[in-house]
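In the two complexes below, subunit A is the common chain; its partner is subunit B in one and subunit C in the other.
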Partner chain A sequence: MRILVLAKHVPDTTEIRFSPTGELMVRQAPTKVNDYDRHALEEASRLRESGAEVVIASVGPPEAAKTMKEALAYGADRAVLAGGAWVADADPEAMAEVLAAIARREGPFDLVLAGDVSEDGYNALVPGLLAAKLGTPYVRGATALGVGGASVKVTRLVGDVEEEVEVALPAVISVTRLLNSPRVISTMAVMKVPMSKVETVDLAELGLDPAAFAPGALSTRVSAVRPVQSKRGNEMLRGEPAEIAAELAAKLRGMGVL
Partner chain B sequence: MPGLPGAFHWLIYVALVVCLVVAAWLFNRRVRAAGVSPAELAHGLRELASKGPGEALAVVGAEVFGQRRVRRRPYAGLMHLLIFGSYGMLTLGTVLIAVQHDFTGRFFGVTFLNGNFYLVEKALLDTAALGLLAGVGMAAWRRLAIRPVTLGARPTVVVAYAALAVMAATGLLLEAMRELAYPVSWSHWTYAGHLVALAITPLVGRLNLGAYQATWVVHVLAAFIFMGGALATALDHVVLVPLNIALQSSRAPGELRLPFNLAELLESGGDLEGVSSGFANPSELDWKRRFMLASCVNCGRCEEVCPANAAGRPLSPRKLVQALKGDLLSPSDGAGDLFARGVLDTDAVWSCLSCGACARECPAFIDQPGTIVEMRRHLVEEGNVDEAKALVLAQLERNQNPLGLPSYQRFARLAEAGVPTIEENPGAEYLYWVGCMSSYDQRAWGVASAVISLLRLAGVNFAVLGESERCLGECQRKLGDEAGFQMRSMEIAETLRSHGVTKIVTHCPHCLVTLGRDYRSLDMEFQVVHHSELVQSLLAQGRLPTPKSWEGGKLTYHDPCNLGRLSGVFDAPRGLAASVAGESFVELERSREKSFCCGAGGSNYFYKVPAQESVSGLRLAEAQAAGASTVATACPFCLSMLEDAARTAPGGQGPRVADLAELLAEALGLEAAAAP
Partner chain C sequence: MDLAVVVSEAGADAGAGVTLARKVASRVEHLVIALPGGERGASPAADARYVVELGEDAAPEDLAAVVSAFAESHGAQLVLLAAQPIFREALPLLSVSLGAAAVTDATDLASGADGLVATRMLYGGSALAEVAIQRPRAVVSHAFGGVPADSTAEAEPVEPTAPSGVRKVLSRRRLPSEASLKGARRIVSFGRGVRSKEDMAMITSLAKALDAELGCSRPIVEDMRWLGSDHQVGLTGTTVAPDLYLAVGISGQIQHLVGMRDSKVIVAVNNNPAAPIFEVADIGVVGDLYQVVPSLLEALGAAAG
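Here is the complex of A and B:
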């Protein structure tokens, strides 16, 4: 079995802030493997233990090579990182196009695994777009996977209903954080991954036309980012516990919570 | 030897040689069973000698001949001292007689066992014989009547003790028989033999040469059975422990083994493939640590002082070391690491608080906490840790603190308090290393606030790193991410050097140990003092006034493990406490080196393990029993743990918990440096 895992290099959202002048400060933020993709990497690594070959595909800046090492440390055979100046403005459509080119070049694959969303854009579009481009079925929101023979059984949570879907391979599956508990990747484990396992490619090497990825040629662009103040307040209630409880209950009723 | 054929005399030497050969064979078998070759051991000892054996000899002298740690237990200590001291004296006495009789006297006509020296020696040897009997009696009582869980009465050890008792008893009997056959005027010097002589006088008619010779043969046989056979019994520690003490003597309290120096490793550009920081199975350990495990006597002192064990966590350092030792000597079946094979449960290694109480108590100098961290290293390298620990490690990477709060908020409170950064005040004498707790935790900020007020009052020129300060990695290292810790340490040392920082003050003992000792072991040297030391010296210099009155009731002080036992800072905090509370200061039952952990050590602040009670609750109860209405501490983690225990103390709110700096600042009427 051959598996392709999509793993994205993303800034850590807990370290993103707005500058006093209201600009989004992403550049200084530490970067990492998208947390959702870790679950896909973990699942692929487990399948690799029973003989699967695992290739990681990613689109990102040159620094993403370091992130690829971390992704490889979960247990994968190699990683292909597509980069270039166009990456900074790439939209989901462009990313999917490039990832599809990687999938064709490195393929064929029986299974493509990815995280449901990426923490930077939160579009949740790339896996589906990729499936469309590859002409395979797509199932999103996997909470459990049962890979066997020519098909895969996917358990997914839809609201409070659990659904079990069986799809024929090849297929693209995007996974939730309920799928598994990714192992801890120690600093030493990352250091032990040789850089030679990360192949960096550009659009031309993938047989793609760079002109189609120029900022003007993309179908979407982010025109503005602005902070939104969420309204949160607090109020300290004082007095005897019984009084506080009564006052609290009254307040909650007043708000319509109780 | 009166009354014995000459052949007997020379037979002793033959027997002695046979005995030493047997002992050597047993020793060889013993260490080889632990996977240590005598050649490695010899090499290790030569290496120790070439580095200057002074320290090792001093430690061995204090621990073996001075019985420093063994003496801490009244019953077992006395028993051990009686057996060890008496046997040593009797051996020395016998050697002296042999030397005089068969060497100096025979060849040079020189005798030294004469006159008063001889009489005193005789009296001492009689005392030793009685002491040995008393010691063996205590051992028998302990094993048969007291029966601590750690001790059984295995046949081999019974034989060894019996041999000692028979040796001592027949020695006195022989002395008595000699006295009856050849009465002397100085028999009161051989008082024990004399008493036996009085007891056996009614039998004197039936005493003949045959009886004497038979007693003598039994005496010598008993002595040789012990000497030759002790290494086949639990008394093998007679040889293993002193050697292990020598081999482990240079380890500072709490010092962890450096599996590699990452800077050197990266510089050499070597292959990292086989590099590992921990161990999956005891058989992978190097010979020195295999020898260390093999020298465990199973005495149980570690278990008695272990806070994790006291709180009913699934950890006994004794059982842990015994399990590793057992697996080393006869590995259990099965594949995988020691956890997969069921030698230990992972909860045991995560229960350890790295407080160092066990290692400080261990008479054999076994490094239980360090061994535990090495197993954690293995688990982390395997990715085999639960989400809580994984989260701490991830947050350290992302947010540069174990709490998972944004790195850019680290400086917020300090900025508000108007504390200059090192860029703003490059001439600062001290860099104040604030640490994660006080940078992020509202309660712990009170400590930093007090320290800032005190330093300002004393006119100390200080600055902070500001946003470029980050976790030093103490928790990361204790969680087992050694490579991550070393990587971090290199980056932090670089930041400090870039600002020309040499002197650092911190109020966090975890930072103190890390930045002081641990960084030094990685060749990064900074002078780090704890705030209690700096503040105490400011008080002593008169740069800070002594407060006039104290109305906080009885004040006690909880020694943080990282400050006290692991850094040796005991007096400065007490001086500070005395300045604040004067006569109202009371010591806790377990204080100074014997201090009991607050429950946060070894990264335990950040995750939970199964337990029957909380470690912090046990410690707080001790403070309450001492009648303290205020518990002072000098560590933000201890502060948080004990304060939490006080909030949930049985019978309502417990004593007030505060940092020494907070108490002093308050007593001096200083305003908080800034509102939190």
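Here is the complex of A and C:
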């Protein structure tokens, strides 16, 4: 069994701030493996323990090489990172196109595991686009997986319906945080991963035409980003719990929300 | 643009989709996905109404195929999908088969100088991005829940495409709903400040005393697993806007805030005066929830008696 895991290098979105002039300060935020992808990596690593080969694929800036070491520490054979100046403007469609090229070059794979969504873009598009490009089935939202023989069984929640579906391999499956509890990766474990396990490739090496990845040639382009302000003129209550509780109850009554 | 097709499940209001599509298209058609012989729903003043019947366990592949064929034969430049779970998997398949640009969870649409522009959230809700569409066609899902629809005009039937047979549904089970946060007037929500599952009883009592629904942050559902996912407020949970949102022991990370920041009155109880939740609160109570909640229960009980 050969498994491809998609792992994205993302900024920690809880650390993203805006400058006083409203500029996004993404660069200063710490980076990491996308939350959901850790669960895909964990699942792949468990399958690797029973003999599967696991390759990680990613598209990202040069700094993502460090994140790939973190991803490899879950237990994978190697990682392929596609990068270049074009990455800064790449949209989900472009990401999927490059990941498909990696899948073809490194393939064939029986199973592609990905996260349901990324923390920064939150498009929830890349795995489905990849499946459509590869012509394989796609199931999202996995809370449990059973890989066997020529098919995979996926348990998931669709609205308020829990269903189990079965699709033939090869297939692309994206997973939720309910799938498993990823192992804790120590800094030491990341340091021990040799950089030689991370292969960096560019568009030409993947047989792709760089012109198709110029900002104007992509399917979408982010033309503006503005901060969302949700600050309220808050009133702080401090002191003896009994007193502030009474004060709060009175205020809420006064506001007519009780 | 000339034509937008709004797609929604029957029974779910399509008002928001049609209103949004009207902003950018001169003609709006509504395609209803209905169960065989089932309810047809209403179209809010669309220019034409179509209905296609698909079985309850119809695969996203089949949904994508029928919508793709419809959009292709009608020559639609925009396919606008409702914010319903069945469309999430179909959307990327649909966009690839139509060679269209794909955008999820749009909060607004506009016609820019160079074509369609969609607005959507970025970075967990801390920012809004304008996404310019650079393809002749786009498949977009919008982020709005039900808006009442008024027209129940006859719908013209559309033939479904042959089932793809890509997936086998082995079992389906409707989970009992634990909470109905959507539309609730009051919500008491708690987070990791509550130390044990037993201590939840205190929060449940507070919710009862306030006649409120019980909400929570993500760790309570996904890490502690104390409550089912229909209690979760936020980016991956439910977006709510009650008259009163009382957040107890919740730090207020952006992914939580994005699900409740439109509430009318926000009250936060937290023992850390620097907790970000206080920035979006109308009233902030700095204190230990293990003291504040019992006191509040008393204060409310006194009022009732």
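Of note:
The criterion applied here is as follows: the second predicted complex is superposed on the first by the 230 of 258 C-alpha atoms of A that agree within 3 Å, B and C clash if a C-alpha of one lies under 4 Å from a C-alpha of the other, contacts with A are read in each partner's own complex, and residues count from 1 in each chain.
Operating definition for what follows: contacts are C-beta pairs under 8 Å (C-beta built on N, C-alpha and C of every residue); 3 or more make two chains touch, one makes a residue touch a chain.
Fair warning: this is a prediction, and the values are worked out from it, not measured in the lab.
Touch criterion met: A:T14 reaches subunit B and subunit C at once. Of the two partner chains placed around the shared chain by superposition, subunit C is the only one that A:V222 touches, whereas subunit B remains out of contact.
Shared-chain residue A:A189: touches subunit B; no touch with subunit C. The wider contact with subunit A, measured as residues touched, comes from C rather than the other of subunit B and subunit C. Look at A:N123: by the touch rule set out above, it reaches subunit C but stays clear of subunit B.
Of the two partner chains placed by superposition, only subunit C is touched by A:V158; subunit B is not. In the superposition on chain A, A:R105 makes contact with neither subunit B nor subunit C. Shared-chain residue A:P30: touches subunit B; no touch with subunit C. Shared interface residues of subunit A, touching subunit B in one complex and subunit C in the other, are 14. Those residues of subunit A whose C-beta lies close enough to touch subunit B in the complex are 12, 14-15, 17, 30, 32, 181-189, 191-192. Note for the complex: subunit B touches subunit A at residues 272-273, 275-277, 380-387, 389-390, 393, 397-399, 404, 406-408, 480-484, 487.
For subunit C in complex with subunit A, the residues that touch the partner chain are 57, 60-61, 84-86, 88-89, 91-93, 95-97, 100-105, 112, 117, 121-135, 166-175, 177, 186, 210, 222, 229-230, 235-236, 243-244, 253-255, 257, 261, 264-267, 273, 278-288, 291-292, 294-296, 298-300, 303.
Of all the residues in subunit A, the ones that touch subunit C in their complex are 11, 13-14, 16, 18, 24, 26, 92-93, 117, 119-125, 127-129, 131-133, 137-140, 153, 157-168, 177-178, 216-228, 230-238, 241-242, 244-246, 248-249, 251-253, 255, 257-258.
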